[in-house]
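One chain, chain A, appears in both complexes that follow, with chain B as partner in the first and chain C in the second.
On to the complex of A and B.
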């Protein structure tokens, strides 16, 4: 027989414990499954190298090599948001965990935040390793104009990005097998639109502006401006404007996630979709 | 005549053929029935075009849109056909995750009268078909809008078809190795076939001539059958453009085909041995019905 719960967690304490509880398997699970080191660091690094050599084959200026290394590292975050945030609730539904989340007294927003924080931590390690090795291999030189601005941009970019992931996770709550395909479809078009491997300034203004709805677009553009000597001349908007837009996106996506999650959860319960598994 | 007929009857009633046929049919149903045909068509168009557009924009940014340079069709066609690498390898290897973790039927398939390696190869057929749509769409887009110099009357069709067939079989066999590896690993946030395809992009000369690589890395490219396969496809489609690049200029088409067939045979034997070995370990460790999710 299980021991009785002596000290019940409620309110903020429960919220925080849920975040820690959901982040835990993300961080620890990855340490137990060592194969990710090979598949999520070494293989993407080779992919980054391929784009570097394309630029060298067409005699591009050397700073583009740095753009590819930074962009390649940031793909890890997009992949994480796409597969481990957006489509995660669909996967939890398939494995039967979603109903357990709903039954438990834990807040779903805390579950999503836990997934986000756990995923972000593990992905940051991956991205840092890719940048370090990529920079050493291709002798990328950085000239950081402001570490404080760089940190601010990164934090805002991650907040907006994972907020977006949380919002789309609630939308995916209603989806079934198509969720997997939609996530799959959102890979390459976002690599293209967000300028992972080239400055988005090369797009028409309105195309770049539309692409800025994805937080990585402006986050990446601002980071490039802050770390490369020629970055500012290739930037889409000035860094302060991009920071302002990222703040707005963070607020919109986090609020949207909260509202949509409540709505979608209610809808999913009403329509009986929480335990559905359309194989 | 009756000998041929009885041989064919034996073949079509064999466990291997039935495993392949049913797996191909099952794979197609899974790949195509998740949505209506309209959305499926859009999905099939956007994904490959976006992937190619990344390279087109990169090239265009640096060269100010000089699409008449010979390096452009080299990059574009190499990238277009490289989509088969990801599709076929993922099709074969992802079936393990699909059946083990999503449908949770892998253990039932293992205990049924099914030849597992052939079943996995059959599951790759659907991805080959969707991959073919992607390749055709990408090439059509290149010809119509980006001046890729492709003339149907000048294409060496026999060389193209033979190279394509040998290459796809070779890719499926590499996919089998990845399927074996997948039996031993957890589900990750990506598909192993696509991840490996992305990494082999570097060595295969798909999007840049191997001369661009550091000299110590080039032997990896020369040891890979994909390098020769892509060269043969390019030569069959745009012969003069492809032959202008020095990487494999010293080889005739026939020599390249012989190398491709030879390397494919080597990879075929290796993949069979490696898959059996990994499959044995997975059974021994009870990994056939594991589910992983964090």
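On to the complex of A and C.
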């Protein structure tokens, strides 16, 4: 009926195959579900426009308009981490996918990495489109001081941010319907704390320092410093320090995700929370 | 058949703690208790029981999704609690009515994705997917989004997902749930062929369909309220009942007469009542044929007309009734606790 399988990959090869397998629905989903163009480009642009009009009305420095456009683009990543990473394992549990991931020989870290990479790739396209349209609409001019530094900051910011998403996904493993409420609750405060629409230098130092635990805060601040002429004067910390903190956050969140995932999986197996409620 | 146990459980038990909403304390629900089973390599083993009997709990433990509260279990030679990685490399599972995969992906894409989690190369995965889709009659839907599939077709996709990875031990939890008669028959035939083809494979199937267990399984364990009540080949289980006489009697409405009055007659082991439209079906398990006379007398004295009477061979349903005291249908409608 069926010949035996010639060879099954194990170890790193299996790890990489799992990442590719899990990233695939994220990437392909973007092409099949066109509604994202409205919800994830047009709606963020409306928020951006509101802030732009306010800043122009109060004669704020013109860089603020650029800050808002870049911030608006980066909100796409936060939304992706919140709704498609953190709370994702809850939805996976409800559809029965989680049980299938767990019983497969694939490592759950690879599944989460696949989710993260697929989501990151798809979201980068959205973010680029927001920046392009926003820049054209509001005539934003950029003066990138170092493309290499900008790329480094972006990669570190994404690593730390998606690392945080993976870590919180592990926590959500134990949750049921309340996962949705928690995700909802986390959405708006982060917009404020991360300075999506204004430089966080405006916060009290310790408030900005506390907000820096969210990788987007420092990532966004460093990127703004690197792409706008007067960005450095409006930055919270210097770019090298922010890069250093982002490196630490990346290591902490990725390690935390690994440790927490193993712990939460054990706990969920003990408590019988790995399968959907109806089974 | 190699005399090697592929699945082994010893005094396996699971207690769920359920939080009460009003009180601030947890209630305990015994889902499984003292289950000791030995399933040979090459066997198609059935777990037969009503909903809530503990079948799914047992499968969850054996597939490393749930920790046992007591006892131990080994699958493919590995402890399900301590050697989860090794167990997972040898198993797969398909559940009835599952909606796994992603609706935006096609059938082929979903299956390819799951193949990646088992380390199967893309080319080989596609070859196996093509072959299996042909076998289950789903080739023409390979490029259909899984969200556009009917329940039956979706279940066929799930079946392909389970078999595609060629597991040493396969767990099928109510695999024909929600399928129509034709699709169920196809799936059953396919399962039987798969196990017969390579006796190194083992399959544990849970079902609450008697016919399924009777038709497919080498051995069957009857489970109810978390306990294994009997375990043997379907033929042996039925043979144990052959000394008894089983009669099916169709009668006019019982006019308020309860089954307990029959139960009180000497020689009547079990009575099951299936109320129908304007008539009733009664099934009697009697210690001997001679007892039938007193049953008929009781019916006629109560002005109940006999419309049809036939003696029949015992089925697994009768085995269940003898062991539990009620039919599986009645048991499912009773106070059987829901699974958390």
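In this text, the second predicted complex is superposed on the first by the 272 of 279 C-alpha atoms of A that agree within 3 Å, B and C clash if a C-alpha of one lies under 4 Å from a C-alpha of the other, contacts with A are read in each partner's own complex, and residues count from 1 in each chain.
The rule is short, and it goes like this: a residue touches a chain if its C-beta (ideal position, glycine included) is under 8 Å from a C-beta of that chain, and two chains touch if they have at least 3 such contacts.
Everything quoted here is computed from the prediction, not taken from an experiment.
With chain A as the common reference for superposition, the partners chain B and chain C occupy compatible, non-clashing space. When the shared chain is aligned, chain C comes close enough to touch A:7, but chain B does not.
Once the two complexes are overlaid on the shared chain, A:18 sits against chain C while remaining clear of chain B. Once the two complexes are laid over each other on the shared chain, residue contacts for A:105 go to chain C alone; chain B is not touched. Shared-chain residue A:274: touches chain C; no touch with chain B. Using the contact criterion defined above for the overlaid structures, shared-chain residue A:96 touches chain C, although it does not reach chain B.
In the superposed model, A:148 lies in contact with neither chain B nor chain C. If you count the residues of chain A touched by chain B and by chain C, you find the higher number for B. The superposed three-chain arrangement places the nearest Cα atoms of chain B and chain C 5 Å from each other.
Within chain A, the residues touched by chain B in the first complex and by chain C in the second are 25, 28-29, 33, 95, 97, 279. Residues of chain B that touch chain A in their complex: 34-35, 43, 46-47, 50-51, 53-55, 57-63, 71, 75, 102-103, 184-186, 188-190, 192, 195-196, 198-202, 207-209, 212-213, 291-294. Chain A meets chain C in the complex at residues 1-2, 4-10, 13-14, 17-18, 20-22, 24-25, 28-29, 32-33, 95-97, 99-106, 111, 269-272, 274-275, 277, 279. Every residue of chain C that touches chain A in the complex is listed here, in rising order: 14, 16-17, 56, 60, 63-67, 85, 88-89, 91-93, 95, 98-102, 104-105, 109, 112-121, 124, 128, 131-132, 135, 145, 161, 163, 165-166, 193-194, 197, 339-340.
Considering their complex, residues 25-26, 28-30, 33, 35-36, 39-40, 42-44, 46-47, 49-51, 53-60, 64, 79-80, 82-84, 91-92, 94-95, 97, 177-178, 180-181, 184-185, 187-189, 191-192, 196-199, 202, 279 of chain A touch chain B.
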